[in-house]
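Sending over a structure as structure tokens; questions will come in a sec.
Think of it as A, B and C in the order they're written, each chain with its own count starting at 1.
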Amino acid sequence: MTLTRDEVRHVAMLARLGLEPGEEDFYAEQLSAILAHIDRLREVDTDAIEPTAQVVQVGSRLREDLPEPSLPQERALTNAPETKDGFFVVKAIQESEP
Amino acid sequence: MIGMEVHAQLSTRSKMFCGCTTDYIGAPPNSTVCEVCLGMPGVLPVANARAVEQVVRTALALECEISRHTKFDRKNYFYPDLPKGYQISQYDMPMARSGRLSLGDREIRITRVHLEEDTGRLLHAGDALETASESLVDLNRSGMPLMEIVSEPDLRSAEEARDYAVELRGILRAVGASEADMEKGQLRAEANVSVRPRGSQELGVKTELKNINSFRALYRAVAYEIERQVRELEGGGRVVQETRGWSESEQRTFSQRSKEFAQDYRYFPEPDLPPLELRPDWVAQLRASLPELPGELRGRLAEQYALSKFDVEQLSQESATARLFEQTVAAGAPPKQAANWIIGNAPTLDAQRLAELIGLVVAGTINREQGVRVLEEAQASGRAPGEVVREQGLAQVSDEAQLGLVVEQVIAENPRAAADFRSGKQQALGALLARVKEATGGSANMRLAAQLLRHRLIQ
Amino acid sequence: MKRRELSAVELLEDCLGVIEREEPRIHAFVRLSEELARAQAEEADRRFSGDGQVGPLTGIPVAIKDVLCVENVETTAGSQILRGFRPPYESTAVARLRAQGAVFLGMTNCDEFAMGSSTENSGYFPTRNPHDPSRVPGGSSGGSAAAVAAGEAVFGLGTDTGGSIRQPAALCGVVGMKPTYGRVSRYGLIAFASSLDQIGPFTRMVGDAALVLQAIAGWDRRDATSVDRPVDMLSSLERGVEGLRLGLPREYFEAEGMEPGVRAAVERAVLTLERAGAELVDVRLPHTDYGLAAYYIIAPAEASSNLARFDGVRYGARAESAGNLLETYLQTRRGGFGPEVRRRIMLGTYALSAGYYDAYYLKAQKVRTLIAQDFERAFESCDAIVSATSPVVAFPIGAKVADPLAMYVCDVLTLGGNLAALPGVSIPCGTSEGLPVGLQVLAPQWADGMALRVARAYEAASNGS
């Protein structure tokens, strides 16, 4: 499987990773090389095999519905790049956003 | 054709995956949050058992098939109100499928019911004049337990869409899964609307309606959208698959985002949460403990108390109202009277006192108008209705001798009206009765007064 | 560690002395927490003088990998994107060490978000191998491995997603252990790949690794994937290998890129174990060739999702020049993540995206099932599996940077243990070209004690102690 430049651009946008000029080709080449190795998975017959998301069976571990203290507001905000009146601040969201 | 996607916040004490309180309305921004619902690095979710239980109870009430094996998945997208960059939701193994909800004799199929977490909230800073250059993020709502109920496109009109949502709210409240207050955002309805020519079997292109904050808005948005689509098609145009928002101020829907740039959510199984097994014995226990549902209640009220359809509808809208009705009847009030008093006066008295009041009216101790006054006084003062009647001397005058004197005096003072009646003018009796009422300050037993008047006049 | 010849403060000063001498040469730490360490050492000494509980780790200096959150101490996962982040919470493993009275020396360097096998992908600087500073210490937990190897710390904590504890332990000549998945809570471990990550110790002796694991293991209500099973790492430690069957997977001995010197050292170690009474059996792991491919879908896919939270809104660095939200995301993540992290996010996003999910992610999960079944079958005929930990010894800094696949191959012998959730220990077993070689012992799920027991038996037989 080889990636096209368009696919690289699409994936970068899905992952919200900015690309510098020329990086489409760089990633297309590198990811294609890695995928070339990964494509060997196709040799394996997995028709009758269940996928494994978690190897260890731990049963259904749920928590009781008990409230616990939250963080004080200033502790919640302390690592933020920008805050205002107790809110986190982000730049305007533009309509054209995909 | 209308299909509904309804989100309901579950009534738990703590959030879906952390111990933060669910009591966030009115709290200062970012004050009911912890490292888990803030999506800080390295933290892990642990699912709330009560939320799982409430989804199963709701799904049972909707006659769904409960999945024995279910799991959580991650729905990946970027937005500032979604702290982890993914929402923990359920994709291909929801907790329940294939249910139904009855609307009168119509049956609306339920596709699926699943559990997920709510997002935070974005506030757009600045007013309309200065174009908002920034947004504010409050994550108090982040991680609230949220249930999604998806229906098949079985609804046929704006009315049905609204009735569906109202009925669903009744069910959610009956099973105690959600307070389901639309204005508080505890119940959010999205409608998928499409139209097709009469008789056609082909599905039309659908639009998804959002921003609906009340049952009335739901009705109006769907009605508007059906009309808009019909107009579009009849004018030779086409309907575009898109998300449209409802504008309350303009009373119309407007295009929000086109589905042609469909999101790619990259769902995959949530590795931080083990799959869940909903054991059949546990599900059976929950099924056995389900309370009476609104549909069952309506059937029973109609049958057991011989009430009209109108009365049943009115009494069954809130479970507290139905409970008050049944308790009032149990305390001795005749069903029809109890229904009238409860529907007409929305009393806040307890059933015992309400039955006492109704008893006073039925027995003729006080008349209906006096009854309303006694009700108000009893509610304001907290005293029993009988006590109010005694203290204020409100009991109607039913003593024949006492009322007889008043009647004679009225005849004597209104010879013209008396003569009119005697000459066959029945209406004249009304004028005389009004005088009797006036003379007794409204406390006369009017039925008795009429009898006495006739008797004396005919003599 | 058990002998108490020094006070906690003296032991700390010893370590700080070594750190002062060695750090300019090896750069194991990204930041030291001297002040906290001194306070903890004094507190430990108060405990020793009868004022509080004393455990085997009380007063013992530890080097903590920069991916384990320490409350109010800057924790950055080796990444610029988290620079300045001070978690208002603590990882469970660290909290358990703190409760025991361990002394926190500081945060150790690692490949950014634990993605790498050489610690060269650190967002700060590369760490160097104490045995030869021109070479890598392995990775991703290279800082903790190097700190323990150089004597800067008595023990270290690392994390292992595809070999990130065992491989640097092998390359630095120390003991490193990855427990069974679910044995140690992952709460507060800045996630790389959630279904594979596991926290474990670096020590110089196997017995100390058992003590550390004993301290940090066990169910945690904050981690739904942690498991409530009895934790006993110590009672079978000294039982030896007499009568045990040790499996030798041919696929692991003939792995691609296996250096002859490494193979020779491991074969000598196997003979030592046989002389100590173990029975050697051949086992097969037929899907070994597909492990790397499955791993490099599953781990990046989970990582692409786990790393979505680094968006410059609630914590960490953010690009300030952006004019709108989308630009903020793009620039923050472009500037904050290094090249390897970006590469894996791209790969993982691609593998999960519409149209490719079945061909990549789902397929990899099925192959994962087959790999786990390989191990189950193998363990029907043996008690533990032994092999090399890494097919190569420490390589020169820069040697594999340009070729991601060459770097990924460093994990071929370790990542099977992660895919199958097995416990695994790496223990030094001689040298090749003058550099340390590691022997890997893998045991069945939950048989962490068995892995430690075999490693301890080798340690005893080879040292004669």
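Definition applied: a residue touches a chain if its C-beta (ideal position, glycine included) is under 8 Å from a C-beta of that chain, and two chains touch if they have at least 3 such contacts.
In this text, all values refer to a predicted model and were calculated from it rather than measured experimentally.
Pick out whichever of the two, A-C or B-C, is joined by more C-beta pairs in contact.
Of B-C and A-C, more C-beta pairs in contact link A-C.
Considering only mean CA positions as chain centres, point out the chain farthest from chain A.
Result for max centroid distance from chain A is chain B.
Mind checking the centre-to-centre distance between chain A and chain B? Centres are C-alpha means, answer in whole Å.
Going by mean C-alpha positions, chain A sits 40 Å from chain B.
Please report how many Å separate the Cα centroid of chain B from that of chain C, as a whole number.
So the centre of chain B lies 56 Å away from the centre of chain C.
Could you state the distance in Å from the CA-based centre of chain A to that of chain C?
So the centroids are 23 Å from each other.
For chain B, give me the residues that contact two or more of the other chains.
35, 38, 46-47, 78, 80, 135, 137, 139, 264, 266, 271, 274
Going by the contact rule already set, what residues in chain A reach two or more other chains?
14, 16, 53-54, 58, 61-63, 71, 76, 88, 90-93 - these are the residues of chain A that touch more than one other chain.
Can you tell me which residues of chain C touch two or more of the remaining chains?
Each of 85, 88, 195, 221, 224-225, 304, 308, 311, 313-315, 325, 329, 349, 353 in chain C touches at least two other chains.
Could you list, by residue number, the parts of chain C that touch chain B in their complex?
67-69, 75, 77, 82, 85, 87-89, 91, 186-191, 193-195, 221-225, 301-302, 304-305, 307-311, 313-315, 325, 329, 349, 352-354, 357, 361
For chain B, which residues count as touching chain A in their complex?
12-14, 18-22, 28-35, 38, 46-52, 71, 78, 80, 122-123, 125, 131-139, 261, 264, 266, 269, 271, 274-277
In the complex of these two chains, what residues of chain B are touching chain C?
35, 38-47, 74, 76, 78, 80, 83-86, 135, 137, 139, 264, 266-268, 271-274
How about chain A: which of its residues touch chain B in the complex?
The touching residues are 14, 16, 53-54, 57-73, 76-77, 84-93, 98.
Which residues, counting only chain C, touch chain A once they are in their complex?
Counting only chain C, the residues touching chain A are 84-86, 88, 180-182, 195, 221, 224-227, 287, 289-290, 292-294, 296-297, 304, 308, 311-318, 320, 322-331, 333-335, 337, 342-343, 345-347, 349-350, 353, 360, 362-370, 372, 404-405, 408, 419-421, 445.
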